[in-house]
Amino acid sequence: MGQTTADAAYVAFERVQKSYDGVSLVVKDLNLSMPKGEFLTMLGPSGSGKTTCLMMLAGFETATHGEIKLAGKNINNIPPHKRGIGMVFQNYALFPHMTVAENLSFPLEVRKIGKSEREDKVRHALDMVQMGAFGGRRPSQLSGGQQQRVALARALVFQPELVLMDEPLGALDKQLREKMQFEITHLAHDLGITTVYVTHDQTEALTMSDRVAVFNDGRIQQLAPPDQLYEAPENSFVAQFIGENNRLMGTVKEIGGGICVVRLDSGDEIDAKPVNVSKVGERTQVSIRPERVEINKTRLRDGAHTLKAEVLEFIFMGDIFRTRLRVAGSDDFVIKTRNAPDQVRLQPGTQIEIGWLPGDCRALDAP
Amino acid sequence: MAGARNIQAETGPMLAADGRPLKDSLNRALRRQKLRALLLISPLLLFIMLTFVAPIADMLFRSVENQIVQETIPRTVKALEGWDPSTGAPHDEATFAALYTDLVIAEEYKAHTRLGTRLNYEFGGASSLFRGTGREVGKWPTEVYTEQFVASDPAYRDGAAWALWMADPSVRAVLPLTADAYDAWALMTVVEKDDVPAEEQPLDFVYTALYRDLAAGALPQLMPAVDVDNWDSVAIRDLFLEEDAAWGELPVWQAMKSYGGNYTAGYFLNAVDMQIGANGPEMRAEDERVYVTLFIRTMILSITITATCILLGYPVAWLMANLPARSANLLMILVLLPFWTSLLVRTSAWKVLLQQQGVINDTLVWLGLVDDANRLVLINNEAGTIIAMTHILLPFMILPLYSVMKTIPPSYLRAAKSLGATNWTAFWRVYFPQSVPGIGAGSILVFILAIGYYITPELVGGNKGVFISNRIAYHIGTSLNWGLAAALGTILLVIVLVLYWVYDRVVGIDNVKLGG
Amino acid sequence: MKLKHLMGATVLAVGPLCGSMAFAQDIAECENCSDSMVLMSWGGAYQASQTAAYAEPYAALTGVNITWDEGSNEAVAKLRAASEAGNMTYDLIDVEGPDSQRACDEGLAVEIDFDEQLAAGADGSTPTADFGPSIINDCFVPQIVFSTTFGYRTDIAEWNGAVPDDLCDVFDLTTFPGMRSLESRPKKNLEWALLCDGVAQADLYDVLSSEGGVDRALAKLDTIKNDVIWWSAGAETPQLLADGEVVMGSTYNGRLFAAAAEQGQPIATLWDWQVFDFDGWIVPEGLDEARMNRVMHFLNFATDTQRLADQAKYISYGPARASSQPLVSTHATLGIEMAPFMPTNPANQKNFLVNNIEWWADNQDEVEAKFQAWLSQ
């Protein structure tokens, strides 16, 4: 049982709190457990507590309250260098006075590994990130992407079971970042290492992770696989933070059978799926993804509520069209349609009617 | 277009838009930029040239300059050219006569005492020898020649006649001593007395020179013929010896000969405890050697002070670099405090603290750590110098260290620890190497400032804690031997440059940082 | 012994004469004179005595603006630098006797015709006769006689009631244990050492000039070398005595007076074999006519009989004119009789030396080198 628990909850935060000043909590009652081999991303705006969590896991910060466990063992009082956790830093933190090979060799040296074995491991790790030819260079002679690879190789060279990454791709340009996202995910899965990845970039989080923990205000708002996070945000913060979203404010008019009718502030009524509303008369914010808005009435079920809309702006974006509408008194209602051969291009000023499947419109808490 | 350029690059020089070669255009643009840069720095450059480079050049020059002997007693220096010091002091009348002429003229210009002061640096007694002899030399009975010339022909009294004779090349050719003495007298008459030589009767030394020329067999045209064979004469050498027996001894002559050139290595020899002996440079007597000891002591103490500054300054700088801004600023003020107190206040404070009846000793005795009879000697020795100088110079170590440490992100230490390094390993392998440029800059600053300090060592160093700079200050301010001071200063400068060069070779000067 | 008559005159220092001639006199008009002067002096109590005794009275009488420069301990160096720069910034410079000799030798100071340019003595004597033996060269107008001598603490229990009254007590570590302070220069120390090594005063400089003479003096100093703190500024010994760091030490007699009489420290003066020296004015070469006129006008006033006597009211140094001696009276603020504190008091000068400027000018460099080498061993 012990072994399986340790594997199922390889990393665990139990009721962890953190305060720097003794007045306010940066991390409030954090509970998290991740199985071995998982790639988990901590996503959130700056100041949400995600980096603090990472630092507590790495051992650079101590929890004010609660327990942090690694493989079933409390590691609260273990100093960072004994935790055996690999870490990749935001600005790589490659030691500037050492060559690339020396940087990689460093964790092996402090582990008293013999010279020939060290060299083997360093070469292997560099090859793994396609940097085999750069062992003799200084970090300052490398490009940002190359430094990133070296930092990664250094964090992996001593074969840690857990690797932490603190916004490792923040300094790279978009193209390189996408390439590296891909490489990191592959490497992590191939090596079977458990990874905790911190970022404020939702695309990164969605594309790389097994699960994403969305942080806000010192709490995990939702912990779920990327698709679930996107499709079924559990509260208005997550809905808002992940992907693009149309928001309409209203009050629950009818509720029952997994569906509810919301009367918007403009007086219109729409169908929605109650997520965290439970009774009639409750204030709610409904959220609809732009790509789930339907302009073709024939595709809606009979009796579905529809809304009148006026086209304000049409933007051609290549693969999709983005159309801004005025709906229920809101000027920033956006819909996205695929650039298909039969797709209509809505001209500004056109009056249309829009609707959606009730399941795509989620009645969430009113912030 | 790009293709066209490439083709041109292969066939000939690349041209700018206006058809000039691109390289020329670039150079022209750069030259204008350089000129503007030069203009911007020119006030400072001028200032530095005037206040820094020029004095150093002057100092270098002074350490070898020695025109005073040649200028004051040129005839003597010339007469001594053929003299060999190993044969003892000169005996020949000609040399003494040359010195006599020189001294009479020098006395008139009041230059003989300056020469005495200069030669006194080389052998004790020159000062009073020249002063005393100079005072008397005008009164020596050489008027016996004047009287005999005037008696034999009154024309010899006539300034105008003299002027006429001395203007004639043929006369000058046969009477070299006379011509030389007359010229010097004429110049002196104009410069010092504001008189016209043609209206004045020459002084005795001119007649003395004429007598010596004639006695040597010269037969000048133009001048009234005289036969000097049976004249009364005076032995000038005897006059000198009567005045002071030192004129019959070797040292003064040797000094005049050794230092007769316009330039001398004498100051430098002196600065390394050597002197010009009868057989060239030799070491000074054991009990007169002081400078080499002081140079070595200056180096050792300065290195010790630098090392102490590193040891004390490093933790403080580290603390400052890692504290929140407010506490760091407070600490910075404390570090800079020594700059804000006057040297005398600080010195008094050190004395109160360090002396044997001082606060530290009192405390130690009270604590029972030190016996009352064996109080520690913390001042008026090397310890005093090291303590006081470390205190003064510490900011010069801390500031560059701090500014370098400030640029080392804490993530390096974290990275090292996450890679498995203990605190010490992380510090020693990762943090320390990156702070070395700060140590380098601080050490250079502290060391160079230390070897030049003299006030503090003078006040708290006693006799064992003084530096070579104290001797330089002494020679500048008290003994007035500026040549020796310049030579000592030059050696110090060279030592600094050599050390700098070694430092560059060993550590690399680009490995020195004063900040990010 | 040449100084005897000058020193002896202090015996007549009786009160009633004091102040009888103060300030009440007219001063001759100064024609074609500059209206300001820069005087270089030593700062501290000595400069204060000069200010009070003649600079302020002169300024009050003539309206001349007097500025002080406290640079006298490097006077000749500064004088030479100013002369080389061709910009003589000083009008009158206060120096010790030996420095005046150097300045004179180097042609940096103007020669003075004493009888022409200075005031006759109040008793009618010519300046040359009045200054007498204090005239040491043609450039130097003496003001005061001071002495370098030893001070000692009067409360040392280890001495068991013994009181130092002989110079050689300085070398007696058995009867008078404790640290001493001596100047870190050979001058005076060598003479004292030889005197206590059995050399007669008359033979001092012969011995010093002879082979091994300096070594003999240094050997004597070796006997107390481990118990000596070496000083370089005159203020150090009084402070060291006051702090109890040393039990006896050499310094200028005026400093000991200040420590004992003015500050009430338990310090007394050992007058045996005090060394006399002179302090006075030199006029730099290179002044223009107006400045020169002003300087000579001031010099005439500031070195007359009354002014030099006035100075002794503020500091315990003896006036350099014989005619001033009878006018020396009580301290200006403390009201105590100054005579017992004067180096020239007959009771204080049973044994004394006079700084042999000539010998030191000749041998300074060599002996200094030897002394420093000895010090750093």
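In order of appearance the chains are A, B and C, and numbering begins at 1 in each one.
Operating definition for what follows: contacts are C-beta pairs under 8 Å (C-beta built on N, C-alpha and C of every residue); 3 or more make two chains touch, one makes a residue touch a chain.
From a predicted model like this one, the values you see are computed outputs, not experimental measurements.
*Asks:* Looking at every pair of chains, which has the largest contact count?
*Replies:* Result: the chain pair B-C has the most contacts.
*Asks:* Report the chain ID whose CA centroid sits closest to the centroid of the full protein CA set.
*Replies:* The most central chain, going by mean C-alpha position, is B.
*Asks:* Measuring between mean CA coordinates, which chain is farthest from subunit B?
*Replies:* So the chain farthest away from subunit B turns out to be A.
*Asks:* Please work out the Cα centroid separation of subunit A and subunit C, and write it as a whole number of Å.
*Replies:* Roughly 90 Å, centre to centre.
*Asks:* Where the centres are mean C-alpha positions, what is the separation of subunit A from subunit B, in Å?
*Replies:* 73
*Asks:* Counting only Cα atoms for the centres, state how far subunit B is from subunit C in Å.
*Replies:* The computed centroid separation for subunit B versus subunit C comes out at 31 Å.
*Asks:* Scan subunit A for residues touching two or more other chains and write them down.
*Replies:* As it turns out, subunit A has no residue touching two or more other chains.
*Asks:* For subunit C, give me the residues that contact two or more of the other chains.
*Replies:* none
*Asks:* In their complex, what parts of subunit B are in touch with subunit A?
*Replies:* 409, 411-412, 414-423, 425-426, 429-430, 433-434
*Asks:* Of all residues in subunit B, which touch subunit C in the complex?
*Replies:* 110-111, 113-114, 116-117, 120-121, 123-129, 131, 284, 287-290, 293-294, 297, 351, 355-358, 380, 458-459, 462-464, 466, 471, 474, 476-482
*Asks:* Subunit B touches which residues of subunit C in the complex?
*Replies:* Within the complex, subunit C contacts subunit B at residues 73-74, 76-77, 80, 102, 104-107, 179, 184, 215, 229-230, 232-233, 239, 243-245, 358, 361-370, 372-376.
*Asks:* For a test of understanding, state which residues of subunit A touch subunit B in their complex under the given definition.
*Replies:* Spelled out, the residues of subunit A in touch with subunit B are 58-60, 79-87, 89-91, 93-97, 106-107, 110-111, 154-155, 158, 164.
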